[in-house]
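Alright, structures below, take your time with them.
Two complexes follow with chain A in common, the first pairing it with chain B and the second with chain C.
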Partner chain A sequence: MSAVAAKPAAGSAMNPGAMAVGIILTLILVGICYVMSPGVGLMALIGVIIGGVLIGFGTHFVPVGGAPAAMGQAPGIATGVAMLATGAGVAGLFGGAWAAETLPATMDPMMQLIIVVCAGAVGGGLMMAITCMMVNFLYVFGMGIPPASGKVANDPITGDSQAEYKSQGTEGHGLPFVSFVGGVIGGTLGGAGGTLIYFELLVLYENALPGLMNVTAAQVMPIAVSAAGMFAVGLFLVNAVLTAYNITGTIEGPHDPKFKRWPRSIVASAVASALCGLVAVLIVMPLPI
Partner chain B sequence: MSVKVEVIEGGVPHNTILIAGVVSTLVCIYLTYLNVVTQTEMFSFFGGLAVVAALVWGSHTIKVLCSYGIGTGVPSAGMIAFGSGVIAMLYATRFGMLAPVVALILAAIIGLVLGWVSNNILNMKIPAMVQALTEMAVVGALTLMGFAALITGTFGFEGLTTGTVTMFGMTLLTHQNSFIGGCLIAVAFLLGAIAIQHPFNACLGPGWTQDRMLMLTAECAFLSMIVAAIMSFALISAGSAIISLVIAIIGWVYTYKEYMALSKRDAHSWLDSKPIPDVEGQ
Partner chain C sequence: MEHIVFGIGITALAGALATVAGSAEDTESNIGSQGDPNSQVQLAPQMGFLHRIFNKAVAGEPPAYGLWCCLGAGLAWAFMAMQINPVLAIVLGAVLATFVQGVYATTAYVGRTASLAKFGQPVFVDILKSMTTVTMAHAFIAIFCTVTLCHLINTALGHPFPLPLLGLIWGIALGAAGSATGNPYYGKERQYQNQKFGAGVPISASGNIVRYAEAGERNSIDNGWFTAKIGGSASGICFGMIVFLELWRTVVFEAINPWYAIIVGVLMILIFTVIDRYIEVWGRKTYGPYTAPKEAEA
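Moving on, here comes the complex of A and B:
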């Protein structure tokens, strides 16, 4: 089929049949995991799926401007969805990984999980807050444009009117208050999701790898950390790019009409995370052949 | 969303590149198995050649996919390729001798599901999507396996997680000094991801020509191979690493010269600008 015949119409339409198939596929993958590795493996897979869904949902809050934003013709941060989601997630992952290293081993596992995920969330949210603030500094003091939304008449949070500040011929510019808040919420959710994936896999590998490789728990730490980190980054990128495909280009934040597409993204992230997470869990299981 | 139309005019058809890419990548990765047969590490450089072959194929796949306006930028395609590829590659290393084939099959399954998800659940409805994401996941997995073979001389889980460190004349087994334990895989990941997305991003537009883009890909791939060959000094014998490094440098110089020649061929006109002229005394 040639490029001429193609009519990509990624509108806001939902595809209920495909979404149902997606949910069934997710349940089948969870079922396979339950058969292959009940208990600790299943827990890890469920954590990975929740983390992936958090990333997919959180990315919709982030104000992504793309190339038009770099020219001051659209609101948002001037880069792509995948880059912003990855930045927030990896920043959060570093925060969470640091927390996981410093916690005493005697602590209650549930408490550990909560602290680690919170640390990741704060890391991701902080990264997005700093990015949003510096972007606004550049827009206001560098390019000399006021933040104004093109999608809504009044800012949903502050109630400030936007139309007077919007330049003609643009879709708005800068980061209005609601986009800033959306960015921080998105970064928080993305950081929490990325850290949840990392921590669940880390606990699984720490428990399972020593038996598999016939080495002590201390020797296996570098491999557990590195493998969990790589799987977390891989899962993060897959979820971020799928969300980017859902948004198709730019989004202003939670007030943008495109935000209503989030159910599609949640199902897509659940399927992708279940499949990739299953592979990540199976790596520590004895080989089927 | 508009459709950016860039029909391939002339040049090698995509399916030919696809078949040549799969075969040459797999053959090159398996040639590193000569290391085990001959009990040396001299054949590690075949891993780097596998990387070059896989990336040339992958960048053409990105061209096929991104000719449709997917609205997310070309780099995202490289990111999903390696994001899904690293998962398949890490699992496949468990299968020893079969690892490259398992990586290919598993990555194809992951890519197929991701393509289906994008086209149906996310309603992208792009005809090339499923095939392109499948190919890209395979490219990501095989590129990482090529890097692993180049840096460590092997592609099995044992070899990638175990290294040796010499201390006071004693040789100790360690897991920190290894491809996965030392997280060299993260560097390999980004070396590949940048090399795969850059060529089409740099060459796209009305003046796109296939041979120029593929030559740029080979140039980027050899540049990545130089870095990976330097990293391989840590894990394989110095002589073997020097062989990889020399081959990478020769390949890079050749492809760079070829790419410059092709760029000058495709340019309307060009001026060999000199450094800032010395205006003293005027």
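Moving on, here comes the complex of A and C:
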């Protein structure tokens, strides 16, 4: 099909065949992990995939307006999708990693996981709440512009009308309330996903590295923390950038029609996370040959 | 108890450093046109508006600051491992990272501007000489403050991540907070100062940025001076609040019960939600609609 003949909304169309291939690829990668490392390695990979999917899904909520938002021509935060989602996610990862460090080792592992993921989620949500609030602060008090959405006639949460608050020749500006809530949800999901990846890999490395390197568990901790942290940041970037391609530039939040594209993004995130996660697992697994 | 009091003191210091870092980061990016408004600086010559604005946007602020802060933190970490005093190590790390920023700024300005040769936009050597050092000075402040707060988090508060990883994380967060908060003020209020106050820039005006100052042609140091007053301060407050509140809730409540830190975080999010809603309603009531509601027209 030529570019001229393509439908205007072609970017949002789902391709069931491609999605099925993606799911099969994910299952193959999980199968390879099951063969190479059936116990703790498989658990870590599943955690990484769930974390990656959470990041990919959460990024769709983040209201990003890109360059037009920087001129008050479109609603959203005036920066890139991947950048803002990563900024919020790594802030959450910071909090989650800290919580993982301070929890007593005798605590139930499942309870540890829940606390750590919740701590990461709240860290990401808090970063986005402060940032979104400051964006509106600057628009209203610094530039004298009220927030207005360009995609909906009324805010889905507050019911406020939007069209008459758009200034002439623009698509809207600032962050209407639904975008603020979307930003907080996006930061929360991103922080939870990043922290889940970190925690699962940390548990794997803590278990596998002492035997592999022939050192004590205490000696291996700095390496385990560093490696898990680097993989978590890396996987965050992978999933946030993938989602940015799915969004194609800007999105206002959960009320934006582009939000409906999330299913294909989470399939892509699952495949990418499974491949990256497999590498993260296999680097500490002795080959069975 | 003493440990918590010590932690709160470190938290306050880290928050202050973050505020300075956020303000310097936004001013640096505005002088260099590195945020999203760079699109207009790049577009203007294509629309026939030649200018003397610096333009070094070949990467977004978060990855760029992630690189520089990670580099500064990594070098400082290496110097500390060589038994060099931490203060000197951080200064040396920040200086070397700033040199990398200077090389980046130079090549980015020359490269981006040279790509506009077909539209007649010249590469001004005096701009290169005068602006690059100013962005480097601001970048040094931002990198130094960020690496220092990472060092405090690592050594005084006991965060498990090594210094370079903390530098990467807080560098990305610094760029994200600074670009999110500061960009609209530079893009709308400064580059389009000739447009009406209290309204967005009409899409039809794209590329027609303000190119003349009170005397002579406007340059990027003028832009840094202008945006430092509100955009820079707001970015600093934003990043300062992020760092301070994130550390404060963990330092004070994590030791008592990990759930308390989470609950306090949720309460903070709710408080910011209420403040945001208040700001939105205040803006709508104070400025009013641009056009009459459709019901009234009918």
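Worth pointing out:
Definition applied: the second predicted complex is superposed on the first by the 276 of 289 C-alpha atoms of A that agree within 3 Å, B and C clash if a C-alpha of one lies under 4 Å from a C-alpha of the other, contacts with A are read in each partner's own complex, and residues count from 1 in each chain.
To be clear about the criterion, a residue touches a chain if its C-beta (ideal position, glycine included) is under 8 Å from a C-beta of that chain, and two chains touch if they have at least 3 such contacts.
Since the model is a prediction, treat every value here as computed from it, not as a measurement.
Partners chain B and chain C, brought together by superposition on chain A, clash.
By the touch criterion defined above, A:161 reaches chain C but does not reach chain B.
Applying the stated contact rule after C-alpha superposition, one finds that A:222 touches each of chain B and chain C.
Of the two partner chains, chain C is the only one that A:102 touches; chain B does not reach it. Shared-chain residue A:244: touches chain B; no touch with chain C.
Of the two partner chains placed around the shared chain by superposition, chain B is the only one that A:81 touches, whereas chain C remains out of contact.
By the touch criterion defined above, A:70 lies against chain C but remains apart from chain B after alignment on the C-alpha atoms of chain A.
Set against each other, chain B and chain C differ in how many residues of chain A they touch, and the higher count belongs to C. When both complexes are aligned on chain A by C-alpha atoms, chain A residues 66, 80, 83, 86, 222, 225-226, 229-230, 233 touch chain B in the first and chain C in the second. Only residues 35-40, 60-63, 158-162, 165-166, 168-170, 172-173, 175-177, 179-189, 191-192, 197-206, 230-231, 234-235, 237-238, 241-242, 245-246, 250, 254-255, 258-259, 261-262, 265-266, 268-269, 272-273, 275-277, 279-280, 282-284, 287, 289-294 of chain C touch chain A when the two sit together in their complex. Of all residues in chain B, those touching chain A in their complex are 1, 3-7, 67-73, 75-77, 79-80, 82-88, 90-91, 94-95, 106, 110, 113-114, 117-118, 120-128, 161, 174-176, 178, 180-183, 185-186, 189. Per the touch definition, chain A reaches chain B in the complex via residues 1-11, 13-15, 18-19, 21-22, 25, 66, 80-83, 86, 213, 215, 219-220, 222-223, 225-227, 229-231, 233-238, 240-242, 244-249, 264-265, 267-268, 271-272, 275-276, 279-280, 282-283, 287, 289. Residue ranges on chain A touching chain C, taken from their complex, read 66-73, 77-80, 83-84, 86-88, 90-91, 93-95, 97-103, 115, 118-119, 122-123, 125-127, 129-147, 158, 160-161, 163-177, 180-181, 184, 221-222, 225-226, 229-230, 233.
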